[in-house]
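Each structure below appears as structure tokens.
Look at the two complexes coming up: chain A is in both, with chain B in one and chain C in the other.
Then we have the complex of A and B:
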């Protein structure tokens, strides 16, 4: 097992190198000159521009700049924001807990809903119940997240006044105050994800119900529910774990939209704001964070898979 | 898959196809038949709810939402289609190259695809638009880049399976050049898969464009797509919810149709589900 993890870590290294080059190039691929963007109107003259370019090291060859960027980034120094002139690292880090809470809640809620629905759909396959569940999944996938968010705000905030339309309270202000404004965003983000997981659970369970060991269990006279929970679900669990982790990208990407609708001060909203204000260092850092989070999730999926399925060879 | 299940699938495919074709026809022909120009401002009819005179209501400037929906749909569908063509145009040859020649081409291309896959799609699209600056062209480019690796991986996987088949080996044995094998034997066998993936990518493209435009990162005013119409109506949600709801329904119906079509055909062809 340890060898498998070590091997998997080594495989990640070239990926990280490529990733760092890609993220580094973001600033250099942008049209327009960084220096012009940084200088205030009244300081726009060639001499000042040349000095600033030198100060920032932008007159160095690209590989020198890359090396400098990587070594700084490895120490957590991702440069300054164009707008606030503050360090980018802490600015992004401060937003991470909000995004983490939102995605964790959405993932937990979605799995809690998708697991039973998927199992029911598979056990009752080709019945009305199955059709309804599959229909829900199809709708969940076709519904743009922002539109679902708008509808939820319209119903629960504008018309019924049950929940706030937006806002965020840090957990320090009490669990209730913290969770209440998170309900609508969690549902908005969770439904498309639940739809994907649900479809997958249904297919995995369908694969397993006809397996020989399930038939054997039934023939031995094991009770219906025991068979479902202990034999069917356990057999189907491995692919389900994998898809739950692999689809994390959907959650992280969805967080960009969801946080913007509900004005949650998370990483996704920061990405959108940084695009609108052309604050490229911030965007760079957020993109890096998103990619690292997804790589970590994929890594977790691989390790979980190997841990749960003894057939996977540790090499 | 049993007979009953197959017919049920066929029915879904027919439904999906009908919806998608209906939306495409409405968006293509609709604007020509419509009586009100989409940008015409009617001061006397601001924020009217749907009624016989204004079938889908008007927005805060008194513009007819139906006409705007039809012309905006051209943008939404156009972006989805353009991005798909671009993604397939790069992804399919990349997958062919990768699967057919293997060696360093394969390694290099697939590492690049891995890199693109290591970003959440929406975050990557936002980052690309962020670097290039928000515009319709860059939104198309972003969606194409995000969708391209899926084509490349799909095609590569199929090519790897195909090239071991006897008929390909036979073609190679009688001296058919690589280009000929790809054109005559490999591509025709891939066409179905590419069309299915293409259908789903159009749906993905429409959804992503809508998200980007909703965030203000796609179509820039005065041009409008369904996503930007939805964004536009957002501040008036409590007074005139139809401004946002109508384009949302249009997006949902279109995506649902395309997904039913693409998923349905895929399921019909997937031997794993035939039981």
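Then we have the complex of A and C:
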């Protein structure tokens, strides 16, 4: 197991290098000159623009810029934002807790809802209950976050006054204060994710429920719920873990939209802002962070496989 | 004695009620004394990257500057220049020397004095190429800044530059604490220290900026508020939802389609600033088809501005017949609506024929991907189709579009403008061959000469006459398709009082107070 972990960590390094080159090239080759955005429109003086480009090192050849960035990044110095001139590291780090909280809540809530619903759907397949659950899943997948989010705001914040329309309170201000504004974003982000997981749970439970070992367990006289939880669910877990991990990408992508709608100060919102303002140092750090998060999620899935299925052994 | 008829009775009662309502409103506005305390929660479209004035790039940053900093000069509701940190000033007859008399005893939030040396430091900081400020070119006529005594600053100019003082009402006019600038270096924009009514307290990126009352503010007795919290809300729907739900007291702009609802809601009041933003079509005068003046004029005649005002801006705008908005008061020439381009398909067709395209032509109209610009472009496309001109709409994301504009790689593009405190910021920039935003490649030697003269002539009748002359020439050449001047609407709770209406659409809270 330890060797497996070490192996995976080592593999991550070339992956990151390739990623960093990809990200760097994509961002630098995208149309749009950052300097035109850094100067007010009526002060776009060619001389000032030239000075600024030089100051930011944008007049250097691409490979020089890349090398400088990557060598600095290796030492933990991610540079400073073109726009705010604030250091990138702290700037991005400050947003991570918000995105982490949002995605963790959405993931936990979604899995908590999707597991029972999926199992019920599978056990009661082709009944009205199953149709309702599948219908919910289809609807959940079809509703775009920017639409669902605004709708939730109008209903729960503007009309009912139950929840604030936007904003964020750090956990330091109390769990209640922290969670209240997180409810609507969590629901917005969690619903499509729950829909995907639910469909997978339903399918994999359907696969397993007819399997020989389940029939054997029933024949032995094992209780109904024990069969479902210990035999069916355990057997169905591998594909479920896979989808939960793989769909982390969807969560992070969804966080970009959700954070923007609800004005949450997370990494996703920072990504949008820095794309629109071509703030490359920030954007490089953000994409790298997201890539790392995805790698970590997949890694966690691999480890969980071994726990869920004794047949899986890592050398 | 005349008999009191029913109608008369009703009439009198009605008039009395009206008078009562009017006086009540007056009583609420003027008689009620400001109360101190409370925190104002403000929603702003946009976001902030830096609070360092020489490096700011957008209007939302300017919104906060007026709370943290005090400018050297203030802007009056009449859009003229008034005293700020500079108490009084005079210029030598040749316009080459300026003397600023500063408010005595002004201190920064960190306790250091804002004296002549601090003013010199701030101006020289912008002039230093190492600072990388966009305002360097604006201040370049300044040859030397001299401290005459602790409250007197002398500027020596290499040439007279009339718009200079107006620039000191914004970006270059905000004084930062030299101590803080030295201490924080490049990070100063994250830790601003000014002389304004509110001191910087906390900044959670993309969530809020909190400012606290500065007890040592140089305007005695102000501010009334304990603090201001600014929140960046980029989604208009969410911003308005926050106002309605009571989690904001004030929003910087009410989008056109929501203005009626806010106006009719008893809980809110609005402030309308006419003509503070104007969209236009910039035509590339250097490339076909719009290197042909007759075709530029044809498009200008084909557009129905009145319909744009009603359909797109719900009557919160007025048609534009020239580049100068009524916001510029005496510089606005009402005659322009007579000699400018009205909606006249007949004349449009005649101009098409004159331009050698009697059956019309087609071109690409580039826009920024916003709902407003899309609606505007669709309507204009329909107007142009009536006279046989085909506009193909092409939408771009902002940076890409900005690149195309700067690189002059377009035929026609919808742009937008908000007024600089001096009319020079609008006119010279766009219509001089040396202007920074003249992406149209508009060249008219007479206009160039006249614009140079407006920079040296002092404000007054002569300068007004020059601008009227310039506007006539520019309208004739039609480098833009003039569209409309939009009203900006600020929306706020009816408990918010004492917000001055300054036409640059920036909110200043030093005398604002909250009370029922």
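Note that the second predicted complex is superposed on the first by the 271 of 315 C-alpha atoms of A that agree within 3 Å, B and C clash if a C-alpha of one lies under 4 Å from a C-alpha of the other, contacts with A are read in each partner's own complex, and residues count from 1 in each chain.
In the analysis below, a residue touches a chain if its C-beta (ideal position, glycine included) is under 8 Å from a C-beta of that chain, and two chains touch if they have at least 3 such contacts.
Only a predicted model underlies this, so the values are computations on that prediction, with no experimental measurement involved.
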Message: If we overlay the two complexes on their shared chain A, which of chain B and chain C does A:147 touch? Say first, second, both or neither.
response: first
- prompt: Touching A:107 in the superposition: chain B (first), chain C (second), both, neither?
  reply: neither
Message: Applying the document's definition of touch, where does A:191 land relative to chain B and chain C: first, second, both, or neither?
response: neither
Query: Is A:254 touching the first partner chain B, the second partner chain C, both, or neither of them?
result: first
- request: Look at A:271 in the shared chain and tell me whether it touches chain B only, chain C only, both, or neither; answer first, second, both or neither.
  value: first
Message: Let me test your reading of the model: by the given contact rule, A:161 touches which partner, first (chain B), second (chain C), both or neither?
response: second
Task: In the overlay, answer first, second, both or neither for which of chain B and chain C A:115 touches.
output: neither
Message: In the overlaid three-chain picture, which partner chain does A:201 touch, first (chain B) or second (chain C), both, or neither?
response: neither
Query: Which partner does A:80 reach: the first (chain B), the second (chain C), both, or neither?
result: second
Query: Of all the chain A residues, which ones make contact with chain B and with chain C?
result: 31, 150, 153-154, 158, 260, 276, 278
Query: Along chain A, where are the residues that touch chain B in the complex?
result: 14-15, 18-19, 22, 26, 29-31, 126, 138-139, 141-147, 150-151, 153-154, 158, 210, 248-254, 256-257, 260, 268, 271-272, 274-276, 278, 280, 283, 286-287, 290-291, 294-295, 298
- prompt: Can you list the chain A residues touching chain C in their complex?
  reply: 31-34, 36-45, 47-48, 51-52, 55, 80-81, 83-87, 91, 94-95, 150, 153-154, 157-158, 161, 164-168, 170, 260-266, 269-270, 273, 276-279
- request: Report the residues of chain B in contact with chain A in the complex, numbered from low to high.
  value: 2, 4-5, 8, 111-112, 114-115, 118-124, 126-127, 129-134, 207, 210-211, 214-217, 227, 230, 234, 237-238, 241, 244-245, 248, 251-253, 255-256, 259-260, 275
- prompt: Okay, in this complex, where on chain C does chain A touch?
  reply: 47, 49-50, 52, 55-58, 129, 132, 134-138, 186-187, 189-190, 204-208, 231-235, 237-238, 241-242, 244-247, 397-400, 402-403, 406, 420, 425, 429, 436-437
